[in-house]
Every structure is written in C-alpha cells, then in structure tokens.
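Structures incoming, each one as structure tokens.
First chain A sits with chain B, and in the next complex the same chain sits with chain C.
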Partner chain A sequence: MKTAGLLSRLYLAALFLFVFAPIVTSMVFSFNSDRFPTVPLGQFTLDWYRTAFARPEVWAAFGNSLIVALSAAALSTALGFATAYTDFRYGFRFKTAYLALALLPPTIPLVIMGLAMLAWLARLGLSGTLPGIVIAHTVMGAPFAMAICRMRLQQMDAALEAAAWNLGASPWRAMRAVVIPFSLPALISAYCLTAAVSFDEFIVAWFVSGLNKTVPVMILEILQGNVDPQINAIGTVVFLTSMTLVVVAQLLLLRRRDP
Partner chain B sequence: MKKRLSAYPYMWRLPLLIWQGAFFVGPLVLMVAMSFWLVRNYRMEPDFVLKNWDKMLGRDYFWNAYWVTFFRATLAAGLATLIAFPASCALAFRASDTARRWAVFFLIVPFFTSYLVRVYAWQVLLAESGPLNAVLAHLGLGPFTMLNSGFGAMVGYMTLVLPLVVILQTFSLAAIERDLIEASWNLGASPRATLFRVIIPSARVGLILGAVFAFILSFGDFVSPFYLGGSKPPTLSILIIDTTKSGQQWPRAAVVAVMMIVTLFVVAFAAVGAAYGRRK
Partner chain C sequence: MTDQDPLVRFEGVKKRYESFEAVKGIDLDIARGEFVAIMGPSGCGKTTTLRMLAGLEAPTEGTITIGGRVMNDVPAHERDTPMVWQSLALFPFLNVQQNVEFGMKMRGVPEDERNTRALMWLERLGLKGFEKRRIDQLSGGQRQRVALARSLVTEPEMLLLDEPLSALDAHLVIRMQGVLSRLQKELGITFVYVTHSQSEAFAMADRVVIMGHGEIAQIGKPQEVFRAPRNRFVAEFVGRNNILAGQVSGGEIDIGGLRMPLPGAPDGAAEIVVAADRMRVGREAPETHGIRAQFLSEEFAGTGIICYFEDADGAELKAQVSEAELEALSPEPGQSFWLTWAPEAAHVTET
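Here is the complex of A and B:
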C-alpha cells in the first residue's frame, strides 16, 4: 500500500512536470545568454528583454492586445451575465436551443472560426481593424463568462430577488441592489478570465488582424523565422499577465465557495 | 399588481441572440455558402456550383490530410485518456479534498496561458542539440530527432489536452460513491475486476467526455502539427491556412472547414450517445 502511494505520487509529479515544463523553460531561458539554449545554462542576462522591448512594434502590439483584451472582456462579461441571468430566471420555448447557441462557440476549431470571421468581417469592412478582433474575441469569451456567472447565480436564493420585488422594488432596482452585488465576484472573475482568453488568442486574431497585430500574432510571426530567445522574454511577460488574471479569477471563485 | 408586458426579460435575453446571431451564426453560414461560390479573376462571386467540392474532395492530398488528422486526433484522445487515468485516480481516491482542489487549480492555469509560447518552449527543449538530448547524452543515449515528427506533434497535443482531460476524469471519478467500491472489495472482487466492472463504468461519462474534448482540440489544432510536427504531412487545419493565405481561394478552404465541422459533429454525437446511452 505504501509503495502504491509513493508510485501514484511520483506519477502525478511527472504529469505536472510535463504540464509545467514548457512554462518554466520559457521563463528560465528568457534570462539565459545562449542563443541556442541547452544544459548547462549560459550566463544570466536581461539582454533579451532589452532587445525585445527596445522595439517600438513590441510596444504597439502590447498596446493593441491590451485594448482588445479589455474591450472584449467587458463585452463578453456583459453578454455572459445577461445570458446566465436569463437561464437562471426564465423558462421559455426553445430554451435548450438558446443555451446551445450560448455554449457552442468553444467547440468550433479556431482555424475555422478564423476563416469564417475573416470572410464575414471583410464583408462588413472590419477585417484588419481592432474592433474586428474585439468582435471575434467576444464571441469566444462570452460562453466562459456565462458559465462562471451561472455557477454563481446557482448559489443565490431565488427568493431573494422575489423578496425585493414584493417590497416594491422594480425589476431593475432589484437587479442593481440584489443580483449584481451578489454576482460581483463572478463578474470580476469572468472579466479576468475572458481578458486572459483574448490576451492569448492568436489564430482568429491572426486571420483578421492585418497590420494591427496583437502580441501573440507577433510571436507567431517571429516564430516563422528562426529560433529567437526574444520570444521567451515576450512570452514570459505574456505568461505572467495571463497567469495573474487567471489566478485572480480563480481565487475570487474559490474564496466565495468555501467560506 | 398591474400585469403588463415588460421589456425587462427581453433586455437580458436578446443581447446574446443578437450578438451570436450576427457574429457567430452569420460567419459560419456565410462560410458554408462560400464553399459553393466561384472565384473568377481572383475575386469571389456568389454562386451555387460544386466546383470547389469537386476540386477538394477529388484530390488525394485532401484525403491524405483528412486521414492523417483523424488518425492523429484519435491517437491523441486515446493517449491522453490512458496517460491521464492513473493521475486522475490518484487525485480522486488518494488525495485530500484540499490537495485535489489545488491540483485542479494548477491544471486550469495552463489552459488560459499562451499555448503558442509553450509550443515554442517544446521546440527549444526537444531540439537536436537541446537540453533534453543533452541530458540523454549524459546517460549515453541519443541524440534523438524529436522535432518535425509525429512524436513532436503528439507532445504538443498532450500539452494542449492533458490538463483538461485530467480535470474531467478527476471530477467523474471523485463522484463515484465510495460504498460502491468497498462493496465490490467486500464481495471478493479482485482489484482488476473492481477497476473494469465498477470504477470505469461508473466514471464512463467523464472518461468519454475527456476523450472527446481531446479529439476535438487535437483535430482542430494547427500549432502542434505545424511547429512540432513539421507540417509534413499537412493536417486539415494547415490545409485551411495554406489555402486561405495563398490568395483568394477562400471557397476551397471553406470546403475543408465544412468537412471538419461535419466530422466533429458526428464524433461528438456518437460519443454523447455512448456516454449517456443505456448501460448494457
């Protein structure tokens, strides 16, 4: 029994090693002087960060990514919350179809979403623009936001809102005073998570971005050249950004679940 | 109380319908329609012809790509299920509640961090003169060519799908009633019989869902086959990108995309049937 426990621990450790190896590698090599990294490591250096962030296009890409992620997250969260509230509060005909529409987008391969979005946005004259990317990322983020808000609403006593109505509050007032404050952790969490989704998404963005590149699209284009440790430096910054967002989102969710 | 038709419910219901109608259903419908359009003088014209379908489905390179993609995605789903299972069992049956929650927490993190940068890291790690081969050389092995091969692509697929598969399996395994397993022990079943006749059937839904998600994600992924698999043979997603980016052949790319969606639907429905269907 003891050896079995040890074995299963070792197995788990190996699995987590596999999952986190690329993340850790990228961080370690971003501080390593060798152009073609191997073990043993070379010298400690900040050169890759200096070269990468001396380029104006890197800053421009970060600016684009930030604008896109913040806007797409706001839209996704609003859409996701409205949908989750609809599911929580109302029953109506074709509700199953409605929910299927709400949750379907993540199952469509990104390459296909990219192609379809490119064709559609080109017709609307929005391909190659930041609003185009925001639109695409909102479609992809809304289902995540919906799932998070729905889980939170599940924990709310449905009678709470009805009580507010009976006390004479209008539906809007009850929403403002009861539902939204209760859902706030989920709303913030959904905002962070959908911002992370947008910040890391590159396939659809690559199809529709044109000259307005976001960070991952720029990484993709550098990758098509040669091995370039600048990617590690940019990638580490990207990792830290999205990991911070995801960790904040999860802490908010976990904290409220087990008081 | 005065009964009146209120706009309130519709203010919450309609945004999704409008948004996903305009920017999710719309693009997909256009793409399907586009697969019947004509390209003349490098310009697309709305039409209803089967030329693109003929051109794509009549060629060997399409079907080669199709079966390579299908085979790899199936292999990735099977491998991920097998690799994840012992880990999920350990998390579900041996770990404490707190440990399990932390493990799931750490498995969600990579799902939302740049897949592209992780694949680049594998490119460095697996290189001919990279760290992994350097370590193996100390043991007197190698060097192995791991990049630009089916092996490389599979490493990438596992990076993409393993965390999700472990999470889904862990949840369904942890939901099995402990009494059921103990009853099986008490009735004298061997560990093997308990595993195959109690644990696996009870966790069927999670196991199948995990495999299906692994299939869907690997089937549509373009990064691993391109950057780790060397894009030879090409997969369907690489075919779509090549066809789209080289000029105006969007209708032909649309044909490939429609074939992919149909395949995924068939696989997903078959799997849901297997997961929720009546037990033998």
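Here is the complex of A and C:
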C-alpha cells in the first residue's frame, strides 16, 4: 500500500518534470549570463531581456500579438456564445450536424488551415494584415469559446429565462438581465482562453501574417538568424502571458457552480 | 365586462407538438378571486395548460381570453401573469431584494417605489433582514417565499403556480399551504395551481380540475370530485377507490353474481365506485351483498390502515379500517373475508 502510494507520487513527479523541464530550462537560461546554454550556469543577469526589448521589431510584434489576441478573443467569445445559446435555446433539425460543424475547426490540420486561410484572405485582400490574422484566429478560437459557454448554459435552469419573460422582460432584455449575467464567468473564461490561443498560435499566423508579424512568428525569424538567450527571454514573457490567461480561465471555470 | 364574467376562459384550446397532442381541446372558465387547482398525473397536459396561460406556449387551436381580451398572440412579457416555478427559478446572481424587484425593474417602476414595495413584501412574507442575502444562503422554505414575493410584488390579478411545493419537506409543505391559502384570501386574487398532489389540491382549492391524457376529466369542488368521480380515470386518480364493473337491469346491478340494488340506474354495463373508507370488512357473510376476498397485506396511511384484498377473479380491493378494527380482525395473508358496503356508498360512474 505504502509503496504503491510512493510509486504513484514518483510517477506524478516524473510526469510534471517531463512536461515542464523544457520550459523551466528556457526560463533559467533567460537569466543566465553565458551566451550558450551550458552547465554550470554563469551569473544572474537581466541583460537578455534588456537587449531583446530594446529591439523595435520585438515591441512591434508584441503590439501586433496584443491587438490580434484581444480582437480575436472578443470575436471568438461573441461567436461562441451565440452558437452555444442557439444550441441551448432552440431545437431544430440537423442540430447534431450544426454542433459538429461548429466544433470542427480544431480538428483541421493547422497547415491546411493556414494554406486555406492564406488563399481565402488573399482573395479578400486581407492577407498580411492584422484583420486577416484576427479572422483566422477567430475561426480557431470560436469552438473553444463555444464549448466553454455551452458548459455554463447547461447548468442554467431553462425556467430562469422564461421567468424573466414572465416578469415582463422582453427577450432582449432577458438576455441582458439574465442569460449574460449568468454566463459571465464563462464569457470571461472564454475570452482569456481564446486570447491565449491566439497569442501562442504560430502556424496559421505564419501563413497569413506577412510583414505584420506576431510574437511566435518573430521568434522563429530570430531563431533562423542567430540563437542567443534573447529567445529564452522573449519565450519566458510569452509563456507567462499565456499562462496567466489560462490560469484565470481555469479559475473561473472551476469556481464552485451556482446552485 | 362585469365581475360575473370569468377572468380566464379557455375555449376549445388545443396544443399540438410535432408528433403528439399535449392538450386535446379544453374548455374552462376561471372566476375572479377563485383558487383553482389543475391536477393530474405527469404528462396529462396540466403544465402545458398553465404555460399557455402565461404565454410561454401558444395554443395550436382555440382561444384563451383573460379579462375579456383574446391573449393567443400576446407575448409572455406583455402579460400580467406571474408564475411561481417548480424549480423556483430565482436568479442566482441577484440577492433577495434584487430578485423581488426584478419584475418592477423590467416594467420601469422608479427605484424608490421598487425599494419600498420590495421591502414591504419581504416583511409580509417574513423575510425581513434577508434583503441582501444571496439565494444560495437561504433554506428551501425561505426561497419559496422569495419566489412568492417576486411574483406578488407587482400586484397581479392572477398568480400561476406550477407545482411550487414539490421540492419541499413534508412539514414545510403543510406550512406553505397555509401561507398560500391565507395570501389568496387576503389578496382576493385568482390562483391557478398546477399539482399532481391530491392533498395540496384538496386542501387549498375552491375547485379542482382533473386532467388526463390532455383532456379535462372532471371539474368540481374537491368534495364532489372526491366522493363522486365522474369516470374510471378520476376514480383511479383521486382517493383510494374500488371500481367494480357489472351489468344493470331493473334497478339492480349484477357484479359477477353479486346482486345489489342500484335504483334509478339505466340498464346496461356500468361501473360503480366504492371508496376504501366506505368498505366494511368482516369474517361473517353479510345479509345483503358482499364480495368474498383473500387478505393480501396492509398499509399504514396516517388516518387509518388500508387493507388490500384479492377476489376470486384476482381483482384488487381495498378497505380502510381503524386500528381497533384491524386488531379485532387480525387478518393473516391468505385468509378469506367478506367485503360489503352500504348501497348509498356506491357511486355509478359514466362509462
């Protein structure tokens, strides 16, 4: 019994080590004064952060990523919520097909998605523009937002909305006064998660971004040039940004459900 | 429009869903200030009927009028028909007072007035001091009263109640029945109360409407429905009844060889209903008429003991006896007894 407990703990520790070791390594080396990742470590330094963030293209990329992530998250959340609400509220033929279609994008190989987006956005004259990346990331984020909103709406008593109508709220008023407040934790959570998805996304962004590079695309370009710990520094910032968003999303999702 | 006109009138109202007819044409008048209970087993169409009154479902056929106005196409939010829901449907993200003020807020009542009226109703229902509580910090009975306050604060002419007590503990049900009856009398407004519970309906309602399979099976005062069920469905649903089928000829009914006077009944097939509490049990054959049946089991039912029997044809019979009677009989399973009843205890149903 005791050995089994110990073994499963060891297994868990090994698992976490396996998952997080590369990230932790990258973080550690971002503060290391040596140019090459070698052990023993050199001294603690913030130089790599200073050099990285002294470059205007790094700031430009972060700016692009921020604009894209915030806009794509807003659009994904709105679209995902509307889709989830349609599923919650209405019964109709081909509903299964509707749901399957709405949840399809994450299953499409990213290279295919990137190529398709490039071809399509080029036709619309949007390839290489920030709105183009926003559209691509909205397509990728909306299914996640929908899944999150759907989970929340499933916890909602259908009588809640009817009760609002019954008390004199028009359907729009009931949406604003009841459905949206009830779904608020899910909406914020979906916003954070889709922002993180967009902020991290590389492949499709690489196809459609052109000269308006987002952070992951810029990281690759820097890597193709010369490798130095600036990459680790940028990577650490990206990781912390995404993790913060994901953790906020998780906290809201795991919050004790309302009775 | 006079006070004698009904507040609510259903005329030939049907509700059809794609593949099934939930309500198959009902006619019903509800008077002002009346407490009407609509009762029936699940799936009988009672909730659909109530939802049509609230405008949450539109009738497929027929008309519903409220106060003389045809309501078929009036959307729910333009009606003044607040409802107390089975799940209560209190808004979990609002506190007690915000819940109570919701209806007034939607109707544009100014904040001062909302506040005054909400506080008045909360006090009236014994919720003073709970104004700022969250809904999940309240007990079942308190939530019930918040739901009532939320519906009544707009001072409607009519309150709809959809199985409002079904989630409460038995002792709370009795107390809430008292609260509801008293409120209805004090306010003088119409209550339309949907339930599957006989005890709730019979304890509070002026009139009960028994529904089955989407139709109204009987409408009447509780006592009438209880003592004179119109047909087999009502007799089986209401109370504990024995239903005996036989043939009437010349003022007598023949129930499998047993003959019993039944003055005034037309000749032909007939069913009689004898309530369990009117059935007498004995070891000796009665002088007039009776059925010989084997004792099966007994069930304690609060006011007495229900004894179950089986006659020679395997039909189940029930009789309600007192504890003293049970002791005197001391029945054992398999023993034979005679069941009899006074002729006036038998009620003939429509077949």
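We take it that the second predicted complex is superposed on the first by the 255 of 259 C-alpha atoms of A that agree within 3 Å, B and C clash if a C-alpha of one lies under 4 Å from a C-alpha of the other, contacts with A are read in each partner's own complex, and residues count from 1 in each chain.
The rule is short, and it goes like this: a residue touches a chain if its C-beta (ideal position, glycine included) is under 8 Å from a C-beta of that chain, and two chains touch if they have at least 3 such contacts.
Quick caveat, the model's predicted, so the values are computed rather than measured.
Trainee: Once the two complexes are aligned on chain A, which partner has more residues of chain A within touching range, chain B or chain C?
Mentor: Of the two chains, more chain A residues are contacted by B.
Trainee: Just to be sure I read the superposition right, which of the two partners does A:Arg9 touch: chain B = first, chain C = second, or both, or neither?
Mentor: Touch status of A:Arg9: first partner only.
Trainee: Between chain B and chain C, whom does A:Ala100 touch in the aligned arrangement: first, second, both, or neither?
Mentor: Touch status of A:Ala100: no partner.
Trainee: According to the stated criteria, A:Arg173 is in contact with first (chain B), second (chain C), both, or neither; which is it?
Mentor: A:Arg173: touches chain C, not chain B.
Trainee: Who does A:Leu17 touch here: chain B (first), chain C (second), both, or neither?
Mentor: Touch partners of A:Leu17: none, neither chain B nor chain C.
Trainee: Is A:Leu79 touching anything from chain B or chain C once the two structures are fitted on A? First, second, both or neither.
Mentor: first
Trainee: Let me test your reading of the model: by the given contact rule, A:Ala164 touches which partner, first (chain B), second (chain C), both or neither?
Mentor: Only chain C; A:Ala164 stays clear of chain B.
Trainee: Mind working out whether A:Pro181 is in touch with chain B, chain C, both or neither, as first, second, both or neither?
Mentor: second
Trainee: Which positions of chain A sit in both the chain B and the chain C interface?
Mentor: Dual-contact residues (chain A): 171.
Trainee: Note which residues of chain A are touching chain B in the complex, please.
Mentor: So the residues of chain A touching chain B come out as 5, 8-9, 11-12, 15-16, 18-23, 25-26, 29, 36-39, 75, 78-79, 82-83, 85-86, 89-90, 92, 98, 101-102, 104-105, 107-113, 115-121, 123, 135-136, 138-139, 142, 171-172, 193, 196-197, 200, 202-203, 207, 216, 219-220, 223, 227, 231-232, 235, 238-239, 242-243, 245-247, 250, 254.
Trainee: Show me the residue ranges of chain A that touch chain C in the complex, using the header's touch definition.
Mentor: On the chain A side, the touching residues are 157, 159-160, 162-171, 173-174, 177-178, 181-182, 184, 258-259.
Trainee: Which bits of chain C are touching chain A when the two form their complex?
Mentor: 54-56, 75-78, 81-83, 85-87, 89, 91-93, 102-103, 106-107, 135-136, 150-151, 154
Trainee: Could you please specify the touching residues of chain B with respect to chain A in the complex?
Mentor: 6, 8-9, 11-13, 15-17, 19-20, 23-28, 30-31, 34, 83-84, 86-87, 89-91, 94, 101, 103, 105-110, 112-125, 127, 129-131, 134-135, 158-159, 162-163, 166, 216, 219-223, 227, 237, 240-241, 244, 250, 253-254, 257, 260-261, 264, 268
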